[in-house]
Amino acid sequence: MPEATSPRDTTLAKDLPSHPFDIDADSDKLREECGVFGVVGVTEASNFIALGLHALQHRGQEAGGIVTYDETSGFNQARRMGLVRDNFTSADMMAMLPGEVGIGHVRYSTAGHKGQTAIRDVQPFFGEFSMGGAAIAHNGNITNAIALRKELIERGSIFQSSSDSECIIHLMARSMGRTIPDRMEEALRKVEGAFSVVAMTRSKLIGCRDPLGVRPLVLGKLGDGWVLASETCALDIVGADLIREIEPGEMVVISAETGVQSHFPFRRAKSRFCIFEHVYFSRPDSILGGRSVYETREAIGRELAKESPVDADLVCPVPDSGTPAAIGFSLESGIPYAMGIIRNQYMGRTFIEPSEQIRNMGVRLKLNVNRALIRGKRVILVDDSVVRGTTSQKIKEMILEAGAAEVHFRIASPPTQWPCFYGVDTPEREKLLAARMTEDEMRDHLGVDSLKFISIDGLYRAVGQSGGRDAKSPQYCDACFTGEYPITPTDMIERGFKTKVAAE
Amino acid sequence: MPEATSPRDTTLAKDLPSHPFDIDADSDKLREECGVFGVVGVTEASNFIALGLHALQHRGQEAGGIVTYDETSGFNQARRMGLVRDNFTSADMMAMLPGEVGIGHVRYSTAGHKGQTAIRDVQPFFGEFSMGGAAIAHNGNITNAIALRKELIERGSIFQSSSDSECIIHLMARSMGRTIPDRMEEALRKVEGAFSVVAMTRSKLIGCRDPLGVRPLVLGKLGDGWVLASETCALDIVGADLIREIEPGEMVVISAETGVQSHFPFRRAKSRFCIFEHVYFSRPDSILGGRSVYETREAIGRELAKESPVDADLVCPVPDSGTPAAIGFSLESGIPYAMGIIRNQYMGRTFIEPSEQIRNMGVRLKLNVNRALIRGKRVILVDDSVVRGTTSQKIKEMILEAGAAEVHFRIASPPTQWPCFYGVDTPEREKLLAARMTEDEMRDHLGVDSLKFISIDGLYRAVGQSGGRDAKSPQYCDACFTGEYPITPTDMIERGFKTKVAAE
Amino acid sequence: MPEATSPRDTTLAKDLPSHPFDIDADSDKLREECGVFGVVGVTEASNFIALGLHALQHRGQEAGGIVTYDETSGFNQARRMGLVRDNFTSADMMAMLPGEVGIGHVRYSTAGHKGQTAIRDVQPFFGEFSMGGAAIAHNGNITNAIALRKELIERGSIFQSSSDSECIIHLMARSMGRTIPDRMEEALRKVEGAFSVVAMTRSKLIGCRDPLGVRPLVLGKLGDGWVLASETCALDIVGADLIREIEPGEMVVISAETGVQSHFPFRRAKSRFCIFEHVYFSRPDSILGGRSVYETREAIGRELAKESPVDADLVCPVPDSGTPAAIGFSLESGIPYAMGIIRNQYMGRTFIEPSEQIRNMGVRLKLNVNRALIRGKRVILVDDSVVRGTTSQKIKEMILEAGAAEVHFRIASPPTQWPCFYGVDTPEREKLLAARMTEDEMRDHLGVDSLKFISIDGLYRAVGQSGGRDAKSPQYCDACFTGEYPITPTDMIERGFKTKVAAE
Amino acid sequence: MPEATSPRDTTLAKDLPSHPFDIDADSDKLREECGVFGVVGVTEASNFIALGLHALQHRGQEAGGIVTYDETSGFNQARRMGLVRDNFTSADMMAMLPGEVGIGHVRYSTAGHKGQTAIRDVQPFFGEFSMGGAAIAHNGNITNAIALRKELIERGSIFQSSSDSECIIHLMARSMGRTIPDRMEEALRKVEGAFSVVAMTRSKLIGCRDPLGVRPLVLGKLGDGWVLASETCALDIVGADLIREIEPGEMVVISAETGVQSHFPFRRAKSRFCIFEHVYFSRPDSILGGRSVYETREAIGRELAKESPVDADLVCPVPDSGTPAAIGFSLESGIPYAMGIIRNQYMGRTFIEPSEQIRNMGVRLKLNVNRALIRGKRVILVDDSVVRGTTSQKIKEMILEAGAAEVHFRIASPPTQWPCFYGVDTPEREKLLAARMTEDEMRDHLGVDSLKFISIDGLYRAVGQSGGRDAKSPQYCDACFTGEYPITPTDMIERGFKTKVAAE
């Protein structure tokens, strides 16, 4: 995260709370920071981008942006705080974004100003080069962004945002490449970290994944045109057919005329896709590696039931992310599945400056226990992960207060012990419950009858690696569980972060 | 519905779309029109009312209102279009609604101007009488409102809204009763229809249900104070204990000092509670008649599995309302439960003036099929009801397009053949699919492999009537299924509606 | 002003500051509370009403409303907080207000909730009677409103606003008259006070002035249609020709077909038009009694120069209301006229919740002294009136700080010693500087070299009464200067106000 | 104006009309594009900046921005569309802009996207350099901006706005200067055109005027701190004392500790201050060259009366800008001054998407003739300038329609024949009435009895040059009247503009 000498921007303070208080029950989740979507060769491209971003909204709810290009009006851009459905669906807005090529982005924000995304940090970013304009949208995190930014500033670049992604456009501006794809290639070769990028020129759509392929990116066909998207669920909503995943280290340059041109500009490396995409980030109806995410999560639940069985009356998910694993646990164990906790659908992510009394309600605003169902029962609660443990605590209290006889937590991921530096918002290591406690200590801390995480091998089996994790050459990035970072987190080490090796 | 000579009110047209286009996948549901909540004897009452209304938001999303009374500022009132969490949670708002007694209301709107609720139609309604002010909030529908309104106007009353509920306050104004509860009693005796009412004076909270008890109303204890609410889930959120249901025909007058005074001002009648509250309207975590609504719905699913079994690979709910019945069906049949359809959580009720292309997406904006899971499978889809059949059609298409081998619909309610006149928004009879077709015709119309509704007796068994429906004296109001209206729909007959007897 | 048991309405609190802080330099002026406008027999009537209200905006800036009637859509209504140009000029809004007949109202608010006009207090008011609907807009004040309201409530009327004007519509509802004009006549006969009313039915425009004709109302011809307006400047803006003033005690019923039908329903009385309309309320380009208001004000300045000459270098107006009188003073005295004080055109009426430092700037935000011009000069400052004296004080300080050698105040009205109860917002008597001090004491209090008010006879001469005021039967209402109230202020006496007779 | 390959930005389209329709009566005026204000060494600097910008609002109404620096929060920035009083006065906003040093800017917009200022074009601009951040606000126009921009882009700069002023910050980024003032000096030496710049670092306030001093900039003392402002009226509002004007070609670097350090980084040149600042742009209460602008304008009126006398009954200003000259004309000629045209104070700059009928009202929405006063009179109308002549035409029609016997126009500036390229929004040359017609032709075109402009020598005399204009070395920039451009308009010549020499 760059040193913020750049000004706090209050441009949106009129419309948005200056100090939002987050009382979301999901606040104890890791958060993916971005979703990207691009399209070329279809009329009224912005409509499809809006739909695609709506389907990717779970990857970023703070803000969104769309850029399109049209012969008559040139490049057109709209960036907004808030949800896609609230900003990008009106006929008026679509009319302001004409053209057959365009890209879009939804953002949570990890780097940049946390919790107070300024409009200038909202992507896509645009740059005007001597050969024409280009826009770029980025999912991931650049691990040497601070060093790059410092160097670029010394050489005369003016940064307009606090986003790490802005480095890419400045590197492109400095490149001597003759075409925009050439410049993008050169820029991305200087960038370390995880990235799935979509970009556009006046006529081309460009996609690229980092050499390890940490973040997802898929290619789809839509009539005579083409689509790039973070997940397949975004292809479904626009009616596009899934062609294939963009490969790790691959760059594709696509136009309606020439189709998809692929090349591999980086040194080849073994794939290390983020395993947490399977556990939590991706939507259950998306397809990763040929298999529905839902089925993988159900398989995780089955593995959990095999690894850590317990005698009980009901298996209940912590809604909504624990649901598929809870179903799997129930199917494997034969213990009936039930909705012991009900979620209020009318909950937004935050309440705006609520009164003291309402703030204190916390998780109750979102979840309610099905009291008549739970009373006297031995309940297995299945959740996807434990981060700080704050929500788990409150849920346990609600369940016991409702009269449950026993509470058993089963967690669909191994203990989260290490922060992610590849595009996921994780608390500092000290705040991760599993970094400070053993499984038994966590059980006692939460005051539940039992607490079990799936093993790392169990998780690998569930995602389809029947032999479990290859410890010598792990098939996925699982740094959050193991501390083995496949890409050196340069900036963070500079700032004092101790890796596992250093820590030991 | 009264003849609207009263002006179209454009007071909110600046903020709200003048012609909202509803592309909600839930648009083919019956809609409860209201939820009510009241509290007396607790400090900062408005906080509790806001929380209670938030928990009741599923009963009405178009608008909400709160009235409180405080010695210093007198009666205070706020009425707003939109969701409780967007309007009624800020510290500023709560500060404008001081006091220890208050009532609130959330509204969908059946009577009044459909689809364009004006702010003046938003409850609670307030009236100033010679003995002081009173506010009233109403869940239900007055079946002789047109006649009452006409008479009141002839006698000099000025109506400010197009709501049927406003009659009550004018009847109270005309009453010679010496106290406000007396006037309310007198007013309600002139009113026909279904009503669960909460009202307030400077110091008292009043609750009343119509003689048949069609709509729910429960009493809770909150510290030294008391709460009235449409459902128990609203007691849970404020931490109140459920004392009991208000009985059909009962009026309670409650103050902190005197506690709950109960009497029965109407001629006693046999209870005819709305059976559709069990099927769809109430939240699954609410308790009706001592049993969790969730369990009742699971039981409906079990009954369905017994009545209409079918060989298949998966039982999938149409989210979210079909979920408990689908779980019950799976538990009874042994066929695995799975989430074959995924709901986009970031969908609001409507998209504001969307572009043509986005509008055409319809149900896809909200639901996506879990394609990798469904492909080649025989799927049982469990839904709560079929109204017009429009959404069922689209869901079937999505499922088949995703490659399902067979599609079997199982519906957790009997065929909906008759409109409701007791506070539920139903289409005209001709638009109800089941009013025009037999079960087999509907199956063919929808083009599915099988379609089965639960029987009326099966439904009664699931709600706990082991002997099924007592045809001579039905235990519930089930007019929407049977056409047997327990209260004569005077206004509608006047307007040409033909009852079953008349129709036959 | 009625006892407010009716609820404080926070309906607009989201958009408007709950406690606006008024730092307007005009805050020390008396304020007219309303302007009315009506039209019949022209297509797209709402456009003309919007224009007319815009021209009358100086008579009320807090809120405005329009009602129209159209065969297809019935009565249509829009009421808004804020300025006409911000609310009532868009094509969208005009489309929502179709029809060839309509009325409109701009409001400051005297009765009702001061300083926090609620949307429900915004006129026109609408009532539905057995023979159809009617809307009414009122300029003036009903002096027996509290008594009327109490009686109406006892008889079962439900008031929706805290406005005194709402009494009229309830009296109409209670009337046995067979037509709406009949009912309005009957209602107005029960009303005491000052009123210029415009009203409408489905096809007719109605206008009426109280027997003394305290508030203005003029009739214009617009193509084949007719216009009623508070002032002639509103005829000018729509291009209507001035026909004549509606006479005191006259009621006109106008339709496109029948033209203007006039009658005099009240006992005839001698006219007592408000003399302050000449001094300050009306716009200088309006015509009152056949003469431009500007010319009258210039004549006031000439009279002042004759009555209270002083040797000086410059005559400067306190902008903008003192300008015509200052010009007159200069023309009569031969002392050069100059703009010694400059007004910031970008000042609104209030700054919303300003910071402490900005609030303290007070009058400086609006006015600045022309320092280079004023330095070393003997300056005559001409202002229209002195109410509390607070602004005069600040202006004097600014002028002296800028280096003026002498400051002489000349006031274009006699000392304001009594509150107005006929539709003008006046402070309580104790707050009127002239009620507590003699002219000399005021001069010393303000610390100026001289201070002179025009005499009451001088003022009468300036408005065209060459013989001055007829003390036995004054030609105007001048109660604010003389304490001689032509209509008994019943409600206020009830509340303890002491008239001159009682006080002496 | 740079080639816009940069995207159309729709960021504000939600809040602002995409295609505002300007029906302002002032639309036929030349428009100054900017006002600047800066302060150092006072607590809560943002309050003073807001006040100063409010006083300078006449120099730019489309948007405004403030940047401050505070040890704790770093640089803070807020940029908004709309008026200062609507955006920059709340306590909340001021709290977001802490610190003792800051600068602000109000903008109309000449370069950049005309008529649709995007938020990213709103100044101040901020840049982060290796030695720290700096913000800059610019009044004027860079005449070689297109060439500079092209070169900067080729060398790798990413432009974020379409504003010519952004060049300065990129030139600073490219500079090798060791301090920010050094870099600014180097940057400004590469810039051609007219500029009055205020800038800031963490601790310093910087001001600079171009070598000819075309745009104004003054220095004031405020307690222990210092102020820079476009005009002295902005010193008055904050209570600062005028110290002196910044000299042409001077750069001042100011801090609380070191006071004002002055140097002259550019080659010295003879001053060519914009003479139109005297005629129209500056506020009448500002002081230019030791004399009040008001007095200069009054002197212009006197000169006009001497040069072009006419026998008439009344001298009337076209409000508000013609007022001082009309007063001067009256004083010199002895013909009575009168307000023959009244301005509606409640007019904003534009009506938002008005209906057809309202749009057609045009100037009538803002101005009304004082009919009763004007009828039968011979009227001299004094206006400040004639640009396209459109408004003059309409005013003449209104005056004649009101019954004036004769209409004589007297214009307080010479014929405007040439566009300004130094920071004023002028129509293309072909649209300037005086570029196409002689004085007599214009008289006939407007259909008035006489039309006279002040002579160029008369204007010079009025501003204090008793000998008139020095044709060999003019004392002012008067290019708009004479076509003699003191700075070559490079970009415009590139784009085909023909100078007087080239044209002849």
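Each chain carries a letter (A, B, C and D) given by its place in the written order, and its residues are counted from 1.
Here is the rule we go by: a contact is a pair of C-beta atoms (placed from the backbone, for glycine too) under 8 Å apart; a residue touches a chain by one contact, two chains touch by 3 or more.
Bear in mind that the values here come from a model prediction, so they are computed numbers and not experimental data.
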Study note, to complete from the structure: The chains touching both subunit B and subunit C are none
Review point. Roughly how far is subunit A from subunit D, going centre to centre by Cα mean, in whole Å?
Key: 49
Check your understanding: Roughly how many whole angstrom separate the Cα centroids of subunit C and subunit D?
Key -> 37
Point to revise | subunit B and subunit D: spacing of chain centres that average the CA atoms, whole Å | key: 61
Practice item. Name the residues of subunit A that each touch 2 or more other chains. Key: 92-93
**Study point:** All chain pairs that touch each other
**Key:** A-B, A-D, B-C, C-D
Study note, to complete from the structure: subunit D contacts subunit A in the complex at 4-11, 13-14, 18, 67, 73-80, 87, 92-93, 96-97, 119-120, 126-130, 132-133, 135, 153-160, 169-170, 173-174
**Study point:** Sites on subunit C touched by subunit D in the complex
**Key:** 44, 47-48, 50-51, 54-55, 57-58, 61, 83-86, 89-95, 233, 236-237, 283-285, 287, 290-292, 294-295, 298, 320, 323-324, 327, 330-331, 336-339, 342, 344-348, 351-358, 361, 364-365, 368-373
